[in-house]
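In this document, chain identifiers A, B, C, D and E correspond to the written order of the chains, with residue numbering beginning at 1 in each.
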Amino acid sequence: MDFGVLLTDLPTLVVVILGVPALIGAYIVGSEFLVRRLSDKRRPQVRPWFWVGPALFLVAAYLLLPAIGTVFQSFENNNGNFIGLGNYESQFANFPTGGAWVAIRNNVFFWLIFYTLFTLAFGLILAVLFDRVLYENIVKSLIFMPMAISSVALGVIWNFMYQYQSPGESQLGTMNALVTFVLHHDPVSWLQDQWPTPTFNILNNLALIGAATWGITGFALVILSAALKGIPADLLEAARVDGAGELTIFRRVIFPLMMPTIVVVGTTLVIFALKAFDVVYVMTAGNYGTDVLAYRMYNQLYTAGNSGGASAVAIILLIAVVPVLIFNLRQFRAVEARR
Amino acid sequence: MLEQSNLGQAFFNSFMIAIPATVLPVTIGAFAAYAFAWMNFPGRNYIFLALVGLLAVPLQLTFIPVLHFYVQNLHWTTDNLEATGIPGLPWVPLWLAHAGYGLPFSIYLLANFFRALPSDLFESAEIDGAGTLTVFFRLVMPLSVPAIASLVIFQFLWVWNDLLVALIYVGSSAEVAPMTVNLANLTTSLGAGSNLLTAAAFFSMIVPLIVFLSLQRYFVRGILAGSVKG
Amino acid sequence: QNAGSVKVIAEWASTEQANFLSVLKPFEDSTGIKVQYESTRDLSAVLRTRVAAGNPPDLAAAPNPQLLTQFAQQGKVIALDDKIDMSQLKQNYSQSWIDLGTINGKLYQVYSWVSLKGLIWYNVKAFQAKSYTVPKTFDDMVTLQSQIKGTGTTPWCVALKSGGADDGWPGSDWLKEIVLSQSGPDVYDKWVAGTQKWSSPEIKAAFTTWGKVLGPGDDSNVFGGSKGITNTSFKTGGNPLFTNPPKCYLHNQASFITTFFQEANPNLQPVTDFNFFPLPDITASYAGAHVVSGDAWSMFHDSPQTRKLLNYLTTANAQVIWVKKGGKISPNKQTPLDSYPDPISKESAQILVDTKIGKYDATDLMPADMRSAAWKACLDFVTNQGKLDSILATLDQVQATAYKSS
Amino acid sequence: MASVTYDHVVKRYTADVTVVKDFNVDIKDKEFMVLVGPSGCGKSTALRMLAGLEAITEGKILIGDRVVNNVAAKDRDIAMVFQSYALYPHMSVYDNMAFPLQMAHMKKSEIDKRVRNASRILGLDNFLKRKPRALSGGQRQRVALGRAIVRSPKVFLLDEPLSNLDAKLRGQTRVELQKLHRDLQTTFIYVTHDQVEAMTMGDRIAIMNAGILQQVGTPGEIYDHPANLFVAGFIGTPTMNFIPANVTNGSAKASGFEVKLPKALPAGSKGTLGFRPEAVTDRTTDGGTTLDMKVDVVERLGSDQYLYGSVGGDQLTARVDPRMAVAPGDRVRLGLDTRGLHFFDGESEQALL
Amino acid sequence: MASVTYDHVVKRYTADVTVVKDFNVDIKDKEFMVLVGPSGCGKSTALRMLAGLEAITEGKILIGDRVVNNVAAKDRDIAMVFQSYALYPHMSVYDNMAFPLQMAHMKKSEIDKRVRNASRILGLDNFLKRKPRALSGGQRQRVALGRAIVRSPKVFLLDEPLSNLDAKLRGQTRVELQKLHRDLQTTFIYVTHDQVEAMTMGDRIAIMNAGILQQVGTPGEIYDHPANLFVAGFIGTPTMNFIPANVTNGSAKASGFEVKLPKALPAGSKGTLGFRPEAVTDRTTDGGTTLDMKVDVVERLGSDQYLYGSVGGDQLTARVDPRMAVAPGDRVRLGLDTRGLHFFDGESEQALL
């Protein structure tokens, strides 16, 4: 194996590791130097723009402008001609099984609700529980581990978990081994069964969400546990002295104090839920009624080469985020009022 | 087989990509987050919300316009950049892209933590004569170490595990492609040696885990304890 | 050495990549031209993005020509008529391969390696033990089915899973073969072009014929039933042929499947342990019809080096290198049959050469929307054959829009 | 020049919460000004506005001749002890104290000298390496104080800097602060609830109530000539005796006794007669006013003995010799020293006497 | 029964940081125990161990007859005022006070009654809806106190609950706390730095220094019969006068004067003579001991006047009538009341007299 390159190219790596932060540091120090030459009054007006400037620039270049372009593209056909709401019409055609409807249903009902709730709940519960165990770092690493796995590997693992062999065969998949061995039930075809009905197939969607949740819980855990550790110990002590049990302390003290962070994690998860892609891509490819918006967009864009349709799907996705933003704005003002 | 898989080169490339692509959004994001949390400027809340909203933009949609700009306006193709002979340069477009994609979350998370610091501390630093830079580097950063550590972990992990962005912006030629591209190629082929795949998968997983484990000690409890009364 | 370079993108990685590189080796050695090969799994994403950004490779090979056809229609790829040696091409390839790459009268795609679809695999020893014989006609095959079923075993192994985006495609192989063999090339071509409705009697008949193979009660002829079908990967789908006693006796899959047989059971030997017969003809007038598929080349960027390389790739000399390594069939008439490393690949090459009615994989030619819908329809059909009419109605809907948007 | 001027300063948090109202004080250069007032009256807010931590709603604040309303806190050259300490939790005690000096780009050796000096004065030598979280409440307060006194700013603002210290340490630190004031020749503004601190440390005392300045004066003036009923009642422990009384030809008549006033007041005035507990003693003088008190509570304080009881219908407090033998229920005859008599108008509550 | 017993209690933070050393006290049921000591001596730690917030390194603590070392804080039925307040920042003042009552599943109406009563006593009526962030320092402290006094626990622990209040409010609150103690008949442990609080509120006072208990006794005992030099110096302001002296046949000889001892001590003892400032007054009695003092500093406190000066080679403090006219530099003749004389062994620092 040619690990030799690690040695020969190492100087480059070192230069980069030192150079990039140095460059950024130089920028902020330099800009502060400039700001200091301004008058007392101008300084606080100008300074923030130096601090947010590079971030706004990069975000505008890589996300905002393309997003605006997407808005325009969603009104055009593939030859760049304006076609009004045509792309949207075909996405919204044939309710409830045509167009993007299945994807919308899966994202907005199944993914948004279950993925967000499961992950938040697990993350929060584990963060609080692990906070008290002796080998916190080790158990946390275990939960974190799935995050380090690439989505492809995750798909492989969960495909194995959900493996199906015909009834009577020995079940290689963990889930079906459990189902047959413990519950004495016929093996379940987790990813294919459109249970309870093909128009409301919650089972296989939940199977996908389960895999995705497994992969992301470490994310919620890490952030929430960082926030948990920031809660002043004397508040918990005060609550204990006031006679509160640990559950009450969690409900009345820890939870409200972590609320801002829970909102951040929750918002991020909602957005992840709306953008869910990897697991679906790897495990079912949107078959058996498990399509999602991001996967549909990917398909439209790359497989079908239908950029107008893809843009329309993306805009639907972006619009779905708006209520979350409004909620954030409220939360934001509440926190601001508190400090 | 191992020779030809270029695992060592890919491993190195992954570091060359992941480290700056983590440092950039975390530091630039920290600057911005600090401004959003503790400075006043017109439109602050709305700009902030717009950033959060941009978190939802599917990256696939941005590839074509951005790459188009790189190629047509800047002539930043991997070939051209490699031709300059400056080591590291071919990855610059990718670093910037990862920074752009990572910033919304970076800012969102950090601003939330920065906002939770007691204002008394900022006041007392100001009274002590500390300028904005000092407050940022000597108070905000050390007191937000748990948040920064978690952000570093995630950003590193995302970049390290990223396949698509790398594929688009630097391509899959062995000189520049990261581990993931390498790995993906190993998995496609009919009947690749599965032990090689396992070894490579292990390699790609072990690094984020090491990052996680080594940053865990920064998840300290009660970092603000003893600071203010009341 | 300043002979220039050519940038090539394709999906081949790992072993296939090595094989392809060894094809390139003599070319690079003799011309001094350097070929920069990039391999990627997400070929359509990478190609579409690069092409849109104006940074395409010089050459790309795609397993579904439909992507390249779109590029051709958008004028993103270069017509090859005056770029490559057409006389050499006509000498080497039968007209049907050239027609396949021709769009609006101009040549945009050429083929270097292809594979033959619709091969029925069986366990030779088990066949002998039960003294089953290879069916000559479709009816023979149906008889064989019930004969096997009579002994209490399931005759077929069918596996439609492909690990994600392409689930269902092995099912469409069944359909394509049946449509071609049952209703003939004209229907097949109209079907590909989107002018043959899915709900038309011909296509519907193809589904019901396939349904006969799958057996009554949706799936009683197949090991594992419909759940087994959708849950089993095409890679492992044939393995129950070789258990003791066998769980099934027949398996329909393209020529590459032998690799997977041998991966699961390294002791298996071609011909002595496993062998194949082409799916028997259904309608006598269309006897000898076969579906083929392959990797098509398109040129994005014209340069002398690129032309040279493309010319080289269409020669038997180039193609035979990979053919010798196994797993590929050359469409080139000049490729000697004894270059094939084993009797089985030789036989499939022979069939390809003998093919009277050769048609390219229909779903790979359909617009992407149509193709995914067709694959999906196969999954749905297997799960519940009773819903055939509504499945076909949905396909008709997709057909109505898919061809417009591309 | 580091005088401090509050010029018609108003602070409103919300439209209906005005916590500082039309505040006007001139604090002279090098003056030691003590600011007192009941909890929540706006003392901290007044300091915070001066420090630049709180926006000024109306009026202006000057340091020297310069209006500082729009000057950033860090440019005002002020040292402040926060009521809430606001220590840097991630820095050691040493670094907490060194921080402001580092900000001033002082030499390392000088910083070290100053920090060690301050920590010696404050008894923190043994804790220099500790983080604030491993300190007791009083130790934290001392660090907060130390962080200010290492500096030599234009103005010192101290917001109850000694409230969590024991009496002995408080006494010592008080002396050290006075010494510092003498050495540095800086303006000090000092908020305290401790009467002894207020009386002994300040050149002048400013008394606030509900956001309004009541009186500014030397400790003697304040104690002996309170401007109104509030000031009289606020300064001095136990608090001044207040007896409702009417003025009739040169003397004030209360329910249980009558006392000659040292200065003529308009006859018929209704108001409140005020005298401090130490004006009522067990030493009766011939011809002086005597009071017959029914004792309810006896409080022995070691150095003093306070009697709480009633004279006529009015409650009052007397300070007698600690060795005088009295028990609740006793009747005692006490002398009233009329030199310390006050009279407050019934309406305006302003001092007439 | 809610007596509290510390039985050989030790608290070590790290191997070399022992902050409470072999601590033994019996606090009787319903007793009001005041805990005093210099800053950092371990008072809060002692309370926190009792409350169950800090692990006990050695020894045991009993509430009633029950060893509570391993009982969870919430099951100890203790109310505590934290020195750092520890208010819930997300709850209003009302909710902060209601919280412990809700934990006890009290009826809503009863909770409301109690909270309103406590907030009336503490003058917080107008702030019930505010969050702690929008309160002044003293107001926050009152909320912390309110959160404890709404309850009726077995034991009250109050860690400097009045330190940030003005004298007047402090006086009122003191009275209210005493009333509460009378009404609830609960055990109180009260940490304070205020001498007046210590002397007036406690049934007994426990004095700690550097983690070691020095003396436990009634205020009178502590003030009049301090067990050792530390206690004598710690209690009383200004602090007791300490003069190095030798004993020779029945009297103690200092550098500037000699005084007859009320009790015989072994001749030749070397040690420290102690007497309080109020024992040195401007009232000289015939035959009594008189001191000639050179006055260095005059401190007028309104109610009193302290003279700091030297007699012979020794520094001492005298308390004289506030109207006595003295100026620094004067020589005055003062009387020493020998009834309040102490003598401490030179070695052990224990009181011999």
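Just so we're on the same page, contacts are C-beta pairs under 8 Å (C-beta built on N, C-alpha and C of every residue); 3 or more make two chains touch, one makes a residue touch a chain.
Just so you know, these numbers come straight off a predicted model, no measurement behind them.
Enquirer: Treat each pair of touching chains as one step and give the shortest count from chain C to chain E.
Expert: Tracing touching chains, the least step count from chain C to chain E comes to 2.
Enquirer: Touching both chain C and chain D, which chains are there?
Expert: Of all the chains present, those in contact with both chain C and chain D are A, B.
Enquirer: Counting only C-beta pairs in contact, which pair of chains has the most of them?
Expert: A-B
Enquirer: Please compute the C-alpha centroid of chain B, do the same for chain D, then give the distance between them in whole Å.
Expert: Distance between chain centres: 55 Å.
Enquirer: CA centre of chain A versus CA centre of chain B: separation in Å?
Expert: The mean C-alpha positions of chain A and chain B differ by 16 Å.
Enquirer: State, to the nearest whole Å, the distance from the C-alpha centre of chain A to the C-alpha centre of chain C.
Expert: The computed centroid separation for chain A versus chain C comes out at 38 Å.
Enquirer: Residues touching two or more other chains, restricted to chain C: which are they?
Expert: Chain C, residues with two or more chain partners: 42, 45, 48.
Enquirer: Which chain E residues sit where two or more other chains touch them?
Expert: 83-84, 87, 137, 141, in rising order.
Enquirer: Please output the residue numbers of chain B that touch at least 2 other chains, ranges allowed.
Expert: Correct list: 60, 64, 131, 163, 184, 187, 222-225, 229-230.
Enquirer: Name the touching chain pairs, would you?
Expert: A-B, A-C, A-D, A-E, B-C, B-D, B-E, D-E
Enquirer: Where on chain A is chain C touching in the complex?
Expert: Listed in rising order, the residues are 77-78, 90, 94, 97-98, 155, 159, 163-166, 169, 189, 191-193, 281-285, 287-288, 298-299, 301-306, 308-309.
Enquirer: Which of the residues in chain C end up touching chain B in this complex?
Expert: Its residues touching chain B are 11-18, 36, 38-42, 45-46, 48-50, 52-55, 256, 259-260, 263, 327.
Enquirer: If we count contacts the way the header does, which residues on chain C are in touch with chain A in the complex?
Expert: 42, 44-45, 48, 67, 70, 163-168, 223-225, 227-228, 230-231, 367-369, 372, 376, 379, 383, 394, 397, 401-402, 405-406
Enquirer: In the complex, go through chain B and note every residue touching chain E.
Expert: Residues 229-230 of chain B touch chain E in their complex.
Enquirer: Could you list, by residue number, the parts of chain D that touch chain A in their complex?
Expert: Residues in contact with chain A: 70-72, 75.
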